[in-house]
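Every chain is named by a letter (A, B, C and D) in the order it is written, and numbering of its residues begins at 1.
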Amino acid sequence: MSFREELRSRRFWRSVLAELVGSLVLVAVILGASAPGQEDEVPALMQVAVAAGFSAVSLIHCFGEISGAQVNPAVTLAFLCTRKLDFLQVVSYLLAQCLGAVIGSGIIYMSLPVKSASRHLVNMINKDGNAGQALAMEIFATFQLVFTIFAVDDHRRREVREPGSLAIALSLTAGIMASGKFSGGSLNPARSLGPAIITGFWEHHWVYWIGPILGAVLGGISYEFFFASSASQEKLIA
Amino acid sequence: MSFREELRSRRFWRSVLAELVGSLVLVAVILGASAPGQEDEVPALMQVAVAAGFSAVSLIHCFGEISGAQVNPAVTLAFLCTRKLDFLQVVSYLLAQCLGAVIGSGIIYMSLPVKSASRHLVNMINKDGNAGQALAMEIFATFQLVFTIFAVDDHRRREVREPGSLAIALSLTAGIMASGKFSGGSLNPARSLGPAIITGFWEHHWVYWIGPILGAVLGGISYEFFFASSASQEKLIA
Amino acid sequence: MSFREELRSRRFWRSVLAELVGSLVLVAVILGASAPGQEDEVPALMQVAVAAGFSAVSLIHCFGEISGAQVNPAVTLAFLCTRKLDFLQVVSYLLAQCLGAVIGSGIIYMSLPVKSASRHLVNMINKDGNAGQALAMEIFATFQLVFTIFAVDDHRRREVREPGSLAIALSLTAGIMASGKFSGGSLNPARSLGPAIITGFWEHHWVYWIGPILGAVLGGISYEFFFASSASQEKLIA
Amino acid sequence: MSFREELRSRRFWRSVLAELVGSLVLVAVILGASAPGQEDEVPALMQVAVAAGFSAVSLIHCFGEISGAQVNPAVTLAFLCTRKLDFLQVVSYLLAQCLGAVIGSGIIYMSLPVKSASRHLVNMINKDGNAGQALAMEIFATFQLVFTIFAVDDHRRREVREPGSLAIALSLTAGIMASGKFSGGSLNPARSLGPAIITGFWEHHWVYWIGPILGAVLGGISYEFFFASSASQEKLIA
């Protein structure tokens, strides 16, 4: 299909809308679960991580067949690097994800009783740490998330019966738990962009783009190169 | 089947009973998990959210094939708006759900050691916030729940193998986590009605009817209109 | 098979051993997760409930096909009342479950660094409450657990594809969360018997036999009578 | 295949790489989730246990078909004792697991803002307890984990439809919750070795090798001997 035909197709716009709505829901759930309670007490990292993962389970169900339910610019760029998406799709998905994240952040900001609490919505690096340490943890956490996404994608083509949506969603929870004390646990540039735009707090914001994108591309390429079933199908038969 | 025939059928009454028992169990589990401990310490929002979602997993198993395990007036009204249930069913389901919720709340109230703790059972909006903010979060949280319900319903017809009951139940947990600090996290008018009747605390009660119902109808209609497989089956084949 | 033949069969003894090992593991996991930390701080109810449910997922896998992985005298008695087990099996399962629970409690007691902490292993009713309130919550919590077990059992015969082991296990978690603040959240007479024997603390112990057994029998009978597919198969076809 | 041929095969090296990457991810997730927050407050045991289990769900998906996703020397040795792996595989898996664990621990140590916090990464026995008590709990917790692994492995050969990856992963979570207050909850010698090498803290380190290995071998052998379907297939038909 040419660019022009794709832009006219209903299927194309439906998948872009799916990415927008999916990112909106994921970011609003994460930020809502991060909002502090009555006496400015911050909820446990665990609640944020579990809310993100459980929401991902339902998003993969809702949008998995429509757009792949990527809802994460780092994941979309990993699919670009492994040639699983074309350029027009990637650009439109990225715009939809960022727009959805900003709308989701706006809904939570408007609903916040005390606006000063909005600083808890922003991903921030550990006060005693430096940007390099936060970057390393974002790379690691996104690496294992995207590695899992590629493995599930690969298994689906071969009719494995275990629930892959859970594997992906729970690795998101595990990744946020692992990196939360170091970098705030983003794993998703759109999730960090939304609150940054709404609150105007941009310190170390580059960490949440470079880290997840590097981790995702590394995860995708290393799965495809070393572990994909297509990489050595003849060996498996032998 | 005419109204009169349906009222006589055993299948009809069984599904009404299923909604009653299901709502009773769900509301009693949520309220039991919300009850404060010995020194009036309130349990973490996370426990309430997880108890609700895990109970929903089992209710979908128990009643999914009998009545759809809606156990939520907002969900039932969303099915009415998308013409998936007829009027008699909707009215009887709503009555059963409210009755079940009141009985469930009564069981928990009677079992409460310190009756003054019953205020923790009622959904209340954040002290520093206003009703509009709580309303917005109830709309959002119920939107994503009902959107997921419609997506799973749609997939079931097409034989998808991932466990849909988990997707629905975990989106309930995620929704309660996201909205808990703002509105108390109801997503279900029956769950709010029960304790309100038992304790006589009705402040801002309308929020827990308007919010979930608006969110549910929006979620159901937007899924059917934009994403349902029937909406563009010819495109998927092409 | 006659009694004598059954006693000689390897299959019979294997299922009895399964109940013994299963009850040992379940009770030891619950008690281990209930043990207080260094400064006598009690873990959150949520941890105990999640540990019980997650352990149940694995026990259903290990022993589900061998003995049904009941690991709970209340469940076994509910199967007796609905004529799904014969008398010899029930008696031997009950003995195996109690023995397993006592051994499991013994392991945890021996491993406890500070023996006075063993009072946290015993199910106790809320200090401000009375035995009737704790009894009501044990009945309710076990009712919904056993109702789910019967529903999953019924679905299995009809080849439903959702994971039923999760529905059962997560309803155990939900039940413990709901009843924990009232009665300590037992749902299982063997789980209460073990620590009572080890610590010699027997106050209100009858609550943890009468409550779960009443709830289980009610749950089993009401499922069989109102909701079982066999109860009205002709209606479902019509 | 002779030793020499196996060393040359791509499949062999891929499975060794899988064990290395899997152990790296599991250990880094567990240690990251164990890292203390800003005011040196230690996260709840529950977060560490859930992070470990959820990460295991995704690792079983990623590497289950390649190397079995053992990522644990105790599991590998249990497979050796039951003759499911040959000697060359076992030695190379063990080396890969330990190397992966050390690299994973190194990543977390480098990312730690306050290096003195690294003592929270090491498995330590309860201050009031003794090594024997910690050993008993490690044996018990690993026993139930490996028993579940063998049961799922057995079921897979007979086409059972429940998700076995969840059963294994959630029994890891349950085991860590049960043993955490006693021994720190290792269940995996590689997970204990990594931080010990990085921090130089070796006290009671033998507990985390003897305990898990004894528990794993006991779990594997007792499943094979008493419960494996192959052990008494003729009885099941009869």
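Note that in this section a residue touches a chain if its C-beta (ideal position, glycine included) is under 8 Å from a C-beta of that chain, and two chains touch if they have at least 3 such contacts.
What you see is a predicted model; the values in this text were computed from it and never measured.
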Same vs different contact residues, subunit A with subunit D, by half of numbers used:
different
Where the centre means the average of the CA atoms, what chain is farthest from subunit B?
D
Cα-centroid distance, subunit B relative to subunit D, in whole angstrom
39
Gap in Å, rounded to a whole number, between the CA centres of subunit D and subunit C:
28
Which residues of subunit C are in contact with two or more other chains?
44, 46, 50, 161, 163-164, 166
Chain pairs in mutual contact under the definition given at the outset:
A-B, A-D, B-C, C-D
Under the touch definition given earlier, write down the residues of subunit C that touch subunit D in their complex.
9-11, 14, 17-18, 25, 28-29, 31-33, 35-38, 43-44, 46-47, 50-51, 54-55, 57-58, 60-63, 65-66, 107, 110-114, 161, 163-166
Touching residues of subunit D toward subunit C in the complex: what are they?
44-46, 49-50, 53, 126-130, 133-134, 136-137, 140-141, 144, 147-148, 151-152, 155, 160-164, 166-168, 170-171, 173-175, 177-182, 223, 226-227, 232, 235-236, 238
